[in-house]
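By letter and in written order, the chains are A, B, C, D and E; residue numbering begins at 1 in each of them.
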Amino acid sequence: MLEITPLHYSLLSAALFMIGVIGVLVRRNVIIIFMSIELILNAVNINLVALSDQLQDLAGQVFVVFVIAVAAAEAAVGLGIIIAFYRNKETVNIDEIQIMRW
Amino acid sequence: MEAPIAVAAVQDALPGAIEAVSYWVGDWTLIVARERLLEVLEFLKTAEATAFDYCSDVTATDWPPRERRFDLIYCLYSTRLRHRIRVKARVAEDEEVESVTGLWPAANWLEREVFDQFGINIVNHPDLRRILMPDEWQGYPQRKDYPLEGPGELLMENPQDWLRVRNLPDEAADLRSGAGPDSEIE
Amino acid sequence: MLDTVVIPLLKIAVLVNAVLVAVTFLVLMERKVIAWAQSRLGPMRVGPYGILQALADPIKLILKEDITPVKADRYVFTLAPIMSLVPALVVFAVVPFGPDPLYYIGDINVGLLFIISVTSIGVYGIILGGWASNSKYPLLASLRASAQLISYEIAVTMTLVSVILTTGTLSLVGIVEAQRESGIWFGFIQPVALVLVFIGGLAETNRAPFDLPEAETELTGGFHTEYSGMRFALFFLAEYANMIVISAVVVLIFFGGWLRPFPNIAWLGFLDLLPAWIWFVGKVFLFLYVFIWIRATLPRYRYDQLMSLGWKVLIPVAIGNLVVTGVFKVVF
Amino acid sequence: MAEALLFYTLAALILGLGVMVVSARSAVHSVLFLVVNFLLVAVLYVTLNAEFVAVIQVLVYAGGIVVLYLFVVMLVNLKQAPERFSDPRRLARSGLVLGGVVLALIVVVVSSSLRAGAAPEGTLSGFGTPFTSGNTEQLGWVLYTSYLIPFELASMLLLVAMVGAIVLAKRHLGE
Amino acid sequence: MTVPAPRASTSQFDTNELVINMGPQHPSTHGVLRVVLRLDGERVLDADCVIGYIHRGVEKLCENRDWTHIILLTDRMDYVAAATNNLGYVEAVEKLMQIEVPRRARYIRTILAELQRIASHCLWLGTHAMDIGALTVLLYAFREREFVLDLFEEFCGARLTYNSMRVGGLPLDIPPGWDRKLRSFCDLMEGKLDDYETLLTNNRIWLKRTRDVGVISGEEAIGLGLCGPPLRGSGVSRDLRKDEPNAAYEEFDFDIPLGTRGDTYDRYLIRMEEFRQSIRIIRQGLDGLPEGPVMGKVPRLLKPPAGETYHAIESPKGELGYFLVSDGKSTNPYRFRVRPPSFCNLQGLKRLVRGHLVADVVALIGTIDIVLGEVDR
C-alpha cells in the first residue's frame, strides 16, 4: 500500500473520470457540464502522465499536450456557443437547449 | 431711442405679436403675448435680420398680485450679428407655455429650472423634471409667496410632525390649519 | 532532512519576509519618488524623513475595520486577496538572487515558464475580488483587469520565447550564466524584447499608464473598491510583489541578474567586490524606480486603446521579434 | 513513505475537489474548485517527473481555460440556477446507473492492471526517447519530429476554434 | 434625497446593458455631480446628469439681502473664480444704476479677473489631467495656483471667497509692491506653462485620450448653449471680453484662441493659450495702470431705480450672466438671477458622452470645467 504503483494512478484517474461523468449526467447547467468534461480530460491526462513515467516514454506527455490543446479548443467553441445561446434564450439549462435552431 | 433693426424686423413681420417694446439701460426687451410667443421666437431665430441662434438664458420673475403673475424671460443672442434681445411673456399660473427646446436645445435645462423654481407649465418639453430641487419637493421656491420659513424649520424642530404632514395628500391645507406658516404651498 | 526540508523552509521564511518588507519600503519609495517628482516632500512625520511610514502603513491597514459588504459572496470575497497574493509570493521560489544555491530556493529547469504560469494564476484574485464584491464598479474593473492581464500575458510570453531561443534554457540560473558566457547582457542583444517585456510588465502589474483596473478617477479604485483593512492590504501587497517580480524577471533576463556591468571586461573586476545579490537587488530597485517614475509622468490609457496596443502592436512585434531571432539563430 | 503520503493527500484532495466541482451550488464556486483541482493535478505531474506538462497545465488550464469559464459564468450571471427545474426522479435513475458503471469500471481497471502486473518493460512506442527529469528539450524534440503532423493539426484545430469562438460570440454588426 | 433612475426602457432590456451611477461621491465628478450612465459594455449609450446636491437657493437668498451683501454670496457660486463672479455682479448693478467707475478701478478689476482666470484654469488643468491619469500636473498646477491665491490674499485678505469688489469700484487699492510681485508671477507662470505643455501637449497618451473625444460642431455647440472654451473649441468666435467688453477690456490687446476640431484636445489647447493671453492682459494692465481713485461716486444706500437688466461677462467657464430686477422701492433686488456657465455647459455632457467609453466620461466632465457650486447655486 505504501508503494505507489501505476495502479494507484489508474484508480485515481478512474475515480476522477467517474466524478466527471456523474457531473455531466446529473448537472443541468451547461457550464458545469463543460467543467465536468474538463475533469474527465484531466483524469485521462493523469493516466497518460503516470504511464509515461512508468514506461519511461515521452509519448504520454506528448499526448497530454495534445489533450490540453483540444481542451482549449473545446472550451473556446463551447463557451462561445453558450454565450450565443444565452444571448437569445437567457438560459443555460441543458434541458432547454434541445432545439436545433434558435 | 431708435429701435434696433431686429426689433423693427419683428414688428414688420409679425404685426400685433409684440405688445410692447421696452428699453432700459442699454437692453431691448420685447413683450410678447403668450399665445404668439413661439411664433415670435421662431422668427427671431430664423429670420435673416435677427438670427438669434444662441439662447443665453431662460428665466422668470414672479409678480404675485398681478393676474398673469409670471414674466417668462428669454435672453437671446446672435453669434453672427452679435446683438442681444430679451423676450418677455406674461403667464398666469394655470396657463401653458410651449417649450422652445425645439428651437434651442440649450433651453432644456433652463426650462426645467423655470419649472422647478416657479412651477410654470411648460408643455412639449422632452424631459420636464425637477432639476435643482429633489424630485419629490413640494412647492416652487422662487415664487414670491413661497414661505421663507416653512417645512425646513418644521423639519428641524419636529421631524415626526414633518413626516406626518408630508405623507398627507393635501399638504397645503394641512399646513394652513396646523402648525405650518400661513402661506400657500403647492 | 536538513538539506531537503529545514534549509528550504528557512530560506522560504527569510524570502517571504524579505519580500513583504521590501514591499512596505517600496510603497514608501513610491510615495517619496512621486512626491519629489511633484516637488513635494512626501511623508515626513513618522520617523526621520518619514522612513517609519513603511511600518505605519501596514499597521494602519491591519488595525482598520475589515468590512464585508452584506451582499458579497463572503467566501470568495475572502479568498480573492489570498489568491492574488499567493502566486506573487510563490514566484520568488525560482528567482535566483545570486549564482550560489544559497541564494535561491529552487532552480528548476522550467523556471521561466514557472514564473509565467504562476503569475497567470494571480488574475483570479482580481476577477473574483471584483465579482464577489457584488458591486458594479468592481465588476467592470475586474472584467477590464482580466482581459488586460490575459492579453498582455500573451505578448510577454511570445516575447520571452524569443529570449529562450537566444539562451537555449528555461532555467533562470542558466539564463544568467548564458549571459556571463556571452559576455553581454541580453538587453543589448534583444532590445525589442526588453521594451516589450517591460511594457507588458507594466500592464500585467496594473501600473500607470495601464492602471485602468484600479483607475481611481474612473472606477473609484477598481476591483478593490469594496475592500478595506487587511484584505485590501493583501491586494496591495500582491500588486507591489508583482512589481518586484516583473523587475526581477527583467533584470534576470535582460540585465544579467547578479552579474556586474560588462561581465566580459576584465579590468572592471573590482566591481565584483560588491556581492552578487547586491547587484541583483540594486538593479531590481532601479527598475522599480522606473516603474514609479513612469507613474508620475504619464496619463492613463483608455481601455480600448490599451487593448489595441496589446493586440495590434505588442503581439505582432513580439511575433516579428521571434521570427527575426529564429532567423538569426539559424543563419549564424 | 513520503511519496505515498504525498500521493494519498493529493489524490484525496483532487477527488474531493472534483466532487465539489460537480456538486457546488454556485457556478463560481464550482469554477474555483476546478482551478484548485487543476493546480493539484499539476503538483501530481511534478511528482511524476513531468515538469513541463505541469507548467503547461497551470498556464493553459488554470491560467487560461478556467479564466474563460469564470468569464462566462460571470457574464451569464444566473438569477436562478437551472437545477431548480430538474426532475428528481431522473436524478435518482441516473444515480443508480452511474453507481453501476462506477463499480464496473473499477473492477475492470483493477483486474486489468493486476493482469498487467508484469507489464512489458521499456517503451510502448517505436520512438523511444531517453527519459530523464528535466525533459522540456526532449519533449520539444519529440513533438517537432515524431509528432509533427499531429502537432500542426492541433494548431489548426486551435485556429479553427479561435475563429469559431469569435464568430459565435461576436454580435452581428448593426444589431 | 431620492432621485429615480433614468427612464431606461425596461421593455427592451439587453443583457449587456448596465446602468451605473457615477457620483455623487466619485473622485472625478468634481463635487457632488451624479451622472447616471447607461452602458453597453464600456460604451456609454446615454447619460443623465442629476444635480442639485448643493443647491443652496442663492437666487432666493439674494432677494432678501441688500445690494452690497449679495457680493459675498456671489463668491460662493463659482468658488474657484470668486473675483469674476464679484465682477459680473457689481457691473450688473452699476449698469442698472448707471454708475461711472473710475478707470483705475476698471483696470484693477480686469487684472483681478484675469488673475482669477489663471487660478481657475490652473485648477481645471490639474483636475482634468488628474482625471486622465497624469498625477503630477495636478500638483504643479496647484503650486502655481497657490501663488495666485497669495496675491489675492495680499490684495483682499482672503484666499478663496474674496468679496473683493464693490458697486462703483473696489474696496481697496492694490497694496504697495503688489504690482511687482504680480509681474514676477507672470514671468514665473510663463515658464511653468511650458512645463505643463512638456508634460501634456505632445504626450502620445494625452493626445490619444483627448483627440477626437467629445467632438462637437460649432453649430451644435451654439444650439446647446455651450459657452466659453467649449464653444470656442468648436471654432465659434465668441468671447464676451471682445464682443461686449466690460471692465477695461476694450483698452487691451489680446487674442481669442479658437479651436478647429471641437474635441477635448482643442479645448485643452484653448485654455492653455488663454493662460498666456491672461498673462498678456495682466502685463498690459500693469503697464498702463492709471492713477486715481478706485471708488466712484456711489450713494450710501444702494437703491436702483425700478427696472431690469441682463449683464454678462466672460468668466473662466464661459458666459456668466446676471439678470437683475429692481422694484425701485426696497433695498433688495426684486429678482436676482444668475446665468451660470457651468450649468449650461454641463447640459452638453449628455450630448458629448454619447458613444464614448466610460473613461471618456471623466475626460469630458473635466473638459467642460464645471464647478458644482455654480451649477447648483
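The criterion applied here is as follows: a contact is a pair of C-beta atoms (placed from the backbone, for glycine too) under 8 Å apart; a residue touches a chain by one contact, two chains touch by 3 or more.
None of the values given here were measured: they were computed from a predicted structure.
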| item | value |
| --- | --- |
| Chain labels contacting chain A and also chain E | none |
| Minimum number of chain-to-chain touching steps separating chain B from chain D | 3 |
| Highest-count interface - the chain pair sharing the most C-beta contacts | A-D |
| Far-end chain from chain A, centres as C-alpha averages | B |
| Distance from chain D to chain C - Cα centre to Cα centre, in angstrom | 29 |
| Whole-Å separation of chain centres (CA-atom averages), chain A against chain D | 5 |
| Inter-centroid spacing, chain E versus chain D (mean Cα positions, whole Å) | 62 |
| Chain centre separation in whole Å, for chain E relative to chain B (CA means) | 25 |
| Residues of chain D touching at least two other chains | 52, 56, 64, 71 |
| Residue ranges of chain D in contact with chain A within the complex | 1, 3-4, 7, 11, 14-15, 18-19, 21-22, 24, 27, 30-31, 34, 37-38, 41, 44-45, 48-50, 52-53, 56-57, 60-61, 64-66, 68-69, 71-73, 75-76, 78, 81-83, 85-86, 91, 94-95, 97-98, 101-102, 105-106, 109-110, 113-114, 119, 122-125, 127-129, 131, 135, 138-139, 142-143, 146-147, 150-151, 154-155, 157-158, 160-162, 164-169, 171 |
| Footprint of chain E on chain B - complex, ascending | 24-27, 29, 53-57, 59, 61-62, 73, 75, 79, 82, 84, 86, 104-110, 117, 130-136, 141-142, 146, 148 |
| Residues of chain C defined as touching chain E within the complex | 34, 37-40, 136-137, 140, 144, 208-209, 211-212, 215-220, 295-305 |
| Chain E residues touching chain C - in the complex, by the definition given at the top | 18, 20-21, 26-28, 42, 129-136, 138-140, 143, 199-200, 203, 205-206, 208-209, 357-362 |
| Residue ranges of chain C in contact with chain D within the complex | 73, 75-76, 79, 108-110, 113-114, 116-118, 120-121, 123-124, 127-128, 131, 139, 143, 146, 150, 153, 170 |
